[in-house]
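Below you'll find the structures, each written out as structure tokens.
Next come two complexes built around subunit A: one with subunit B, the other with subunit C.
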Partner chain A sequence: MAQIKMINVQKFFGQNQVLQDLNLTIEDGEFVVFVGQSGGGKTTALRAIAGLETITSGKILIDGVEVQDRKAADRDIAFVFQSFSLYPHMTVRENITFPLRAVRMDKTARDKAVNETAEILQITEHLDRKPSSLSGGDMQRVAIGRALVRRPQALLMDEPLGVLDSKLREQMRSELKRLHIARGSTSVYVTHDQIEAMSLADQMVILHDGVLQQVGAPDDVYLKPKNLFVAKFVGSPVMNVADVQINGSEVTMKGVDTGFTFDESTLASLAKYDTEITLGLRPEAILLSQARTKGYTQAVTTNIEPLGSHDIVDVRLGDTVLRVRTESGFVSGEGQPVWVGLDTTQAHFFDKKTELNLRGAA
Partner chain B sequence: MPSEVMIRLDPKSRAAAKGLNDLTIRNLFIIPTIVFLIVFNIFPLLYSLGYSFTDFRASTNAPANFVGLQNYRDLLNDPFIWKNFSITAKYVLISVTGQVIVGFGLAMLLNRSIPAKGLITTLMLLPMMLSMAVVGLFWKLLYDPNFGIINYFLGLGKFEWLADPDMALYAIAIVDIWMWAPFVMLLSLAGLSAVPKHLYEAAEIDRAGSFYTFFRITLPLVAPILMIAIIFRTMEAFKTFDLAYVLSSQPNTELIAIRLYKMAFQEWQTGMSSAFAYIVLIMVVAITNIYVKYLNKVKAR
Partner chain C sequence: MAGVRTSREKWGNRIAIATVFVALIIMLTPIYWITATAFKPRNLATTIPPTVVFTPEVSPFVKLFTKRSQLRDQPTQKEYDAAPWWEQMVFDGGEKVVRNRKTGEVRPSGYADRFKNSLIIAITSTLLAVSMGTLTAYGFSRFKVRGEDDWMFFILSTRMLPPVVVAIPMFLMYRVVGLNDTHLGLIILYTAFNLSFAVWIMKGFIDEIPKEYEEAALVDGYTRMQAFFKVVLPEALTGMAATAVFCFITAWNEYAFALIMTTRKAQTSPPFIPSQIGSGLPDWTVIAAGTFLFLIPVAVFTFLLRNHLLRGMSFGAIRK
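Take a look at the complex of A and B:
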């Protein structure tokens, strides 16, 4: 159980800066997920905390103790690798006891710890098998078992579900969450999958090009993205973005004659941006109507993705195609005329130059 | 008729264009090889088995008399032959152990990113590409008590490496280690680089010290390929002839291969030496089998 702090962490690979001024506090017992595109620095940040990667400058504190110059072995953290990294020549039992034997724990304590861990992870029946004879999910359970058995200060996981198939991933995801709640250990988790991140995280840490974009609870990040990258990265389908112009109380999309009416007060401070502004709309912030409605603009549907619980409908409006979330079967087919309206309270405006959110979180 | 198992000749190939078919190609390549093997390997093997039960001497015209197991009985009761065997066993043990330690050590040193790694590896492999006799001759010069460079550097004065009855066998083993440690190194290097790097990271996270990591991770994972190196080197060391023959002619360095050579081509006891050769063959096969059994056990782990 520990608090992890990163202060002004910089990391270069040669000329290439992979972490830039990273400042972050992970509170004791939190489940924190690093998320971002590949090459965004999230794995490097995690490996830096673990001590598998040295940092160029800055400090890393675990429970207030500076550890950036310590070896991984002296930081008392556990790490679950994407490739599992089980020792292939050892049985499951030997794999799980390895961290205990390495520090010469006596046999009775060792056996007790292994049996307990195996029970929690439901791998007791596999204890005497070789990792190569296990399924992917069981291999991952063993890898997690090896990490948990020594009750580390913190548990770090590098895309631990990355190589599993989607069904197993979902199952392991809830198991991880359950385990975290039961153990209460500080957990740091890396993934590129934003859905996985949102479903697991107490706090999401979004990294892009080595720069911290936003830290916050999944809801916060979804509803109040700090910038365009976060807005587009979090949420599925991706947030719609459109180039717009502000005219008094109206916001007009390119290639459309009529604009959408907004609150005067909302637009007052934005008027100075004129065309240097981007409108961001979540698929559920766009409303469709089959009949002419006041304040709605006519458009044509171009594509429908029926997903069972809901449909994703593509609507062409001027130069832009908007993806809209509707109840299933709301639109019968492509090429249908529909009327498009906005839930203006859910609309986001981004500065085109800085890409910062000008509303809500800003 | 070409059998069903044979892979059909590609009808567009050049061989097919020249009017060759599967059968001609088989005859062209396989039959000469088989004939060669029968004439030069299988036939002498069986023929010498026949000789081993006779008192035949290749130097005389006297007809061979069948003596049954007499040759084998004489050989196995001869204390001098047993001396040869114990010398050989000692030599094999020293030489192979030395090669494994030096070779594996070098491989551990080379198994990291160092500048000019390829060049260093190639240079290290040079000794094993030389001819045994040549190596023997120039090490004889290096060991020379009067002008040898080894005594000069070690400050041993006129120490007679190859004439000293206690030292001579070790001196030969040292040359063998110098020559063949690179072979063990090469195989070990292949084994070491096949150990995934993330296993070392996992071990580091698991707080394993460097010795613990070496004995619990590195060694078990390299063991199968190291075992193959040991099998090869044991078989070779067992039948060492040229190196020892060139370097020293002491009774204390008389390996079985040298004894066998003397028996067959200096004393012309053809029947007796055939029997001796068969005893050696059986021993080598037996030792190799033990290793192979062990290798399979290691692999199964």
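Take a look at the complex of A and C:
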């Protein structure tokens, strides 16, 4: 178990900078998820910790020891690949034993470790089969078993659930969480799926274009996104974004006559920035009403996604289409007039140029 | 092949099978004829019309392995009776086996030695070409090599020149460094012929092996060399087997360089067999016997590796 620290880590592929001044501390026993779009540098960061990628500059410390110049073999970490990377010419048992052979563990200790690991992951009955005869979920379990059997300092996982179907993914997700809680090992996990990230993470690390955007617990990241990228990346459906004009206590969207009334002090603090403002609204921050309500603006529904537990309703307000979360069956069809209001406490204001969240921690 | 088949498809299928049969007949007839000729008495080898039904005998093989000369006088009945059965067959064919005058030992023709040379040279050069080719291909496949494409093209370009073109310069160079008529000389030549082929084929196979296999091994505490031997090599075996078959066939069959570069000590079978055509009327049965034996190692080698070869030929197209 270990603390992992990255200090000013830079990585170039030729002219192309994939990691920029990455500073990050992963505490002992934490489950940290790197999340971002593909090409965002998250896998590179993970591979750099593992030693599969040399960094251009900066330091990586595992338990206070500089490891950036050490070989992967000498860092005492384990890695789970998206493709599982199980050796097809070996049985499951041989696959799991493989890391133990590298450290020349004697046979009885080896067998004991393999059997224990197999038991935890419920793959004991598959031990003598070849990986190719296993289902996707069992392959995944074997891959995790191979990583855990050595009891490494840290467990690194690169989209380990990426190739599984969605149902199995959900199941494996909770298994991973259970395993993490039972073992308490420092885990670093890479995914592009923000829902997976939120459900697993103690800390989410959001990377975009090689730049760290925000580190925080899933709730923090969701409720207090530092910038527009994080705001739009985290949460599903995506946060509604609209350019707005502020007049006194009124916030007006382009192409709409009437504005929304906000708390005076909230808007006053924005005035000092003197830039164009972008309003960000989560689907649940928008309120719909069938009847004319004070402070609400009239709009028309354009699309409805019934999801069972709730509906996602698209409403057209001037030039903007807002996606709104409602209770199921609240709106019966497209083209209906509804009244739109805002939960102003949940509104985010972003600087249109710098994309920073201006209300900070609202 | 499941599913509904129309009568048109059925006919297509029948035509395909018929075509395969015709192709098989065309390809197998020469092999049959060589085999049949290898067991014919000399006087039946070149009859018109060809002899198809005959009593097989092994005299061509006896003649292949011994030195012999034309009979000037018929052997006396006593000489004939004293001779072992195989020598009698040579007498029957109008020749006699040459024996050492003092010891009376049969003098061998040297075919066994040539055959041994062929085996040594072909096997060694195949092992060298495949192992060097695999390592080179691994390097090109896994590491950033400056000008990789140019290097690969250069390697390929060594095959663009027909090798015989350089035979004379090679001969002169070999004479200077004393590689003429040595096993090493031919081994180097054949390895060089096959290396470019081996590199290209093996690169295709190794590119197919996910590099996560080695990365997993690296993270698990192995060195790159260990990872190569424990993880990459077992996966590459199929490709190596397929490559080995082709390299072996090339080295085994090579004629021109063997003829030029070797005379006696390191001579291989291909230049030796035609030299047995004999004086006077050609004795095709001896040629056929030599060729027949010469075919066997390739057939055995290919047969042993047939499973790998089949999988190898599909080039990872059906991986997983």
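The working rule: the second predicted complex is superposed on the first by the 356 of 362 C-alpha atoms of A that agree within 3 Å, B and C clash if a C-alpha of one lies under 4 Å from a C-alpha of the other, contacts with A are read in each partner's own complex, and residues count from 1 in each chain.
Criterion: a contact is a pair of C-beta atoms (placed from the backbone, for glycine too) under 8 Å apart; a residue touches a chain by one contact, two chains touch by 3 or more.
Since the structure is predicted, the reported quantities are computational estimates derived from the model, not experimental observations.
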* Asked: Are subunit B and subunit C a fit on subunit A, or do they clash, once the structures share the same frame?
  -> clash
* Asked: Of the partners subunit B and subunit C, which touch A:132 in the superposed model: first, second, both, neither?
  -> second
* Asked: After superposition on the shared chain, which partner residues are touched by A:87: those of subunit B (first), subunit C (second), both, or neither?
  -> both
* So, does A:79 touch the first partner subunit B, the second partner subunit C, both, or neither? -> both
* Asked: Which partner does A:300 reach: the first (subunit B), the second (subunit C), both, or neither?
  -> neither
* Asked: Once the shared chain is lined up, is A:181 touching subunit B (first), subunit C (second), both, or neither of them?
  -> neither
* Would you please give the residues of subunit A that touch subunit B in one complex and also touch subunit C in the other complex? => 50-52, 71-73, 77-79, 81, 83, 85, 87-89, 98-99, 102-103, 146
* Asked: subunit B touches which residues of subunit A in the complex?
  -> 50-52, 71-73, 77-79, 81, 83, 85, 87-89, 98-99, 102-103, 146
* **Footprint of subunit A on subunit C - complex, ascending** => 210, 212-213, 215-223, 226, 230-231, 234-235, 320
* Mind listing the subunit B positions that touch subunit A in their complex? => 196, 198-199, 201-209, 212, 216-217, 220-221, 301
* Structure fact -> Per the touch rule, the subunit A residues reaching subunit C in their complex are 50-52, 71-73, 75, 77-79, 81, 83, 85, 87-89, 98-99, 102-103, 132, 146, 150
